[in-house]
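We call the chains A, B, C and D, going by the order they appear; numbering starts again at 1 in every chain.
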């Protein structure tokens, strides 16, 4: 992360799961609501969808002392510094913005879905009808006008804040210290230690492994690295090598011409 | 609210009980959390269910539905026994020192004066002893055996920890934890507040739940101070305004009493309703009642109301003495076929009324129904509801399309009494029009018919002032707002101020009873300046006290006072109890800070000083409250339907003053093995009330798509119910099919030695839309209400849950 | 056509070859256009990357069909190594890299060609499978799909490199080869140099088709039987 | 009240959160051409901003409606950062306020009438409905008006017409409904304050 980058801080210990963010996101981005069913949880839609770029996850958790906690985690794009999705995107639809976040220009998206599998957080979602991929762009259009992301603006309790990376990191670690004093010994900052640092940081009240659908050690998949960082250059290298080799072969060894006398039947 | 939303941040301890603030007032919760972060406030949630509120509180204490008075009664006992009360406050600012009549008594759940046949009290013995001047006698040592304090102590001595724990299902440790944390605010520099909502009012003991808390707040000196008060987080956008303006059978705008049949003249009416006090230190502000009432009549009938005709008093309908005309009474009468026409404006009683099966059946008896709304709903469409044959229903139904909130200009009052003006952003679609416009047009058409044809008692119809239209003939909200504020009908001089005819009345202190002023609602006098500036439009962001009063943001009744009873935040000499939060201070000449509860010097000035609770006849906070239907001290009674066959506190199982409805559909099943589980109904963040607005919105419906019942894991295992499975919930009155949400957030209670399970459902769904979203939870609830207000008992009834 | 030219391939063979070749080239070009942002311009003539993707996908189907026939057709002759002659040939690298007095005589296809064929067959199949799964990734597990992306890239590395080998040897690297896949008639001299064993065996069996001569009575079908 | 520049700042919430982007040296005019969505932020700048108050719970949060000056239609609604209570924030319902506007296809646009014994709604004209309603009210009032009760006391009331709602309309409308209902002599008057 660069010093000029911006970060959204999600303090899960302040979230009341009012889901203002979930709707504000849809309102600003003009994403529809779809018919769902209740599956025995408040969490709905069950997961991020092409039309749901952010989602509050609800999780009932009893800690070791039997004290019940209801954990709320706003899920969505983490805006990685080393973003697997940007790495694989063939068309440049996914790109790093000047804020350090990962934008998506859907006019360029060709629906190849490669990003779906390159993302360690399983964030990008594909819509069959438009043959496009959708995900949070941290309200790039708003940021450019100096407006807060829609979710951050809507948040009543200060669970969502937005600002320069250094400030936000400082805030996050200070909050974790407070939480540790206040009966949350496992409080931690999540996001700054992998994929080059994410532009969405969490303050978690519990260890990351407690939370549903939150990878403990997210990383760009090895296959993607092998593909993009190794095989991609190798393909040019190998082909180049062959062309060079052929050339050398031609000028050094010479072509394998038929022997003149071999053409006896031709006469 | 006695205080206001931002003021929650000034608290040191917030007890959220009878409310699910984080889910239903998410923005209020911003200020609740701020109290925790800025003052280190303790946040306590007492609720049967662990909710999103509980998730953010310091601790959650589960309590069986309908046992709040027992819980709080135990707190009163704790406060008194451990001397946690704020003695100076209790002695000087409450009626704790008053001596009660020797004829007053309490025995086995009943106060003196009970008439079992009428289920009503004769309150003649619920009075204070008075001295020769007619002023209540007091014992400032609080030792007199018949003083309010001693009676209070005596009454709640029965609410022992064991008893309370056994009734409420709350462990003794949890009880003590709450009592200790909350009673710590009974010192001058600490403030404790209480947030309640429908979780308290929706009980047969609803009003008394709130009164119990008021007693606690008075004992701890938490009334009238920053970060204190008893705060109703009300459920609808303008329920404060609609109550202030009295869309209620029993009051008129400004909480003026609806005339009773026995009061056939204005004089008799004013004589009955204007309180008197002989105590020179009591401001007894309601002695101005005639000014308020006559100005209201002038607002209705203008120059048609004269001193000679009692300003049109006889044109107002009169209620039978002691009779009630609430929604439940209306549907009861409609069920009997005695109601022919109905206006249904912005409401969906077929979903939101108790015992909805009865309500839906009752609607079939109407000859006509006029509905005004922005979406269709189950009430409008009752004639094609489940199991209804439209071919047999004669009702003519009109559904008039209405403007949505942002499509019209007008004011809304929030719970903190901030009356905020809002603007019209766009035209309503199609033929939709503001409810004000529809009301004006319908009434104008009726007036025209009466003018042309005459008819039954046409006087009030014809004499009603009805010119609230602009030059284009459209509803003019500003004109109505000015009529509500009031204006001078002739040039008038009051004190050293002179007002011209048609100038606005700048404060209700200026309203007159001689017919020289008109004012549609005295509380709102001052919403305009004399020159006609609309104070409700004010958007000043200055906060001079730093306490979040924002005196220049909108208008706040009364007279822009942000915290009611604020003089009680100062000691007898007008110095703030808490110097860190100076709400008000007497400089020796005047009060500075919030708008004071009256200009008079503080109480220590025996000549000109006044007591702080100026709206009370005695000027003091009422620990002894004779106004209540079921007794001056709140007492625990079981809900109409409960798991217990007897009330552990007394021989009175249920509230002795509630009124029964005995129709064929009003079945009750208490402590019945067929319906073994306590049930409560509620709402969710994503929907609003009956869901009649929110179910039509895909973004919201997507998050909460259909009816569910929350069931504890233990009960689910017992019943073999899996999470997400479809189940049937049934009561003596009806049943609903819904999705089981098996949760750790409901835990069984230990009540009177047995295990009691509680379940709960939201009441946000109806059969009309979405089609497969389930029907109203109110198909289960009983037609029964609070003894004072007739708020239905939605929050405690008995059900069964079975797999389908 | 000169008299004495020998028929090395039949029309079907050549059609399959060119189907495979053209689809492969289209796939490589469209693939490159998507693989490298710097080559995104390759999509311009077809109206954008999305069309390029569609072309790539559907050409892929064509490629799969061609590959299917190619494998079916050439498997027996090119898919199986014969010992010891193939081993001998490999020892001297077919005489391509250094001077060899006598290159061991091998069948119709020399081990180099066989290796090329196998590479095309195996990696082509891998490209087909991985490509199809990349086309419909939502029907498979994330781990599997991620591996398929890797495999597709790996296949590309191999095929892309082999493509140039083949191109070189099919043209200037081995003059006289090209007609085998254009007209199908090659010179005896070229055959003597490249596939002497096949020439001898076929001639011995009397199945050699020589331009201007009556075909010998057939005892059996050709190579693609 | 129309707010223009200030209104836009109000909408932004940038000040309230201490967020200022440009002073940090970020080029707010990136070279990269961005999708069509960009219009929305720009459209807001060009729009009329009208403040309103939320119509759900009673907290009274502020909202800003952005109205297209050409079409007169609302195209975006979000929190009013200037509002001292809500400070620009909104819950799920408030954040979805836009879905209450005419953009919601379920909004009622025409008078619907259901005739006796009918099984369907029919569209009618407003004028017709108002006249018909007035006639029905008068007929019922005239028929059932009670001058005196059982005890012989003057009561001047109508018990056969009820009035329900609403806490979801403006105060001025509440007052008008009360004035109308009381002048007609109605006594069964109630609304959501009780339920």
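Please note the rule applied: a contact is a pair of C-beta atoms (placed from the backbone, for glycine too) under 8 Å apart; a residue touches a chain by one contact, two chains touch by 3 or more.
The shown structure was predicted, so the numbers you read here are calculated from the model rather than taken from an experiment.
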Discussion item. Can you tell me which chain is nearest the middle of the complex, judged by mean CA position?
Written reply: D
Worksheet item: Once you find the CA centre of subunit C and the CA centre of subunit D, what distance in Å lies between them?
Response: 72
Worksheet item: Rounded to the nearest whole Å, what is the centre-to-centre distance of subunit B and subunit C, using the mean of the C-alpha atoms as each centre?
Response: 86
Practice prompt. Between subunit B and subunit D, tell me the centre distance in angstrom, where each centre is the average of that chain's C-alpha atoms.
Written response: 22
Discussion item. Can you compute the centre-to-centre distance for subunit A and subunit B, using the mean CA position of each chain? Integer Å is fine.
Written reply: 48
Discussion item. By the touch rule stated above, which residues of subunit C touch at least two different other chains?
Written reply: none
Worksheet, complete the sentence: Where subunit D touches two or more other chains at once, the residues are 77, 86, 89-94, 96-97, 99
Item to complete: For subunit B, write out the residues touching at least two other chains, lowest number first.
Response: 26-27, 30, 685-686, 697-700, 703
Worksheet, complete the sentence: So the touching chain pairs work out to A-B, A-C, A-D, B-D
Worksheet entry | Complex contact set, residues of subunit A against subunit D | 4, 6, 18-24, 26-30, 95, 97-99, 103, 105-107, 140-148, 150, 152-157, 161-164
Worksheet item: Okay, in this complex, where on subunit C does subunit A touch?
Response: 2-6, 34-37, 40, 48-50, 52-53, 95-98, 134, 137-138, 142, 145-147, 149-150, 153-154, 156-158, 160-165, 168, 172-176, 187-194, 210
Item to complete: Show which residues of subunit A lie in contact with subunit B when the two form their complex.
Response: 14, 16-20, 22-23, 26-27, 32-42, 44-45, 52, 60, 62, 68-70, 72, 156-158
Fill in: In the complex, subunit D residues that touch subunit A
11-14, 17-22, 24-28, 30, 32, 34-38, 40-42, 45, 76-79, 81, 86, 88-99
Worksheet entry | Touching residues (chain side subunit A, partner subunit C) in the complex | 88, 90-92, 108, 110-114, 116-118, 122, 126, 131, 221, 223-224, 226-227, 231-232, 234-235, 238-239, 241-243, 246, 249-250, 253, 255-267
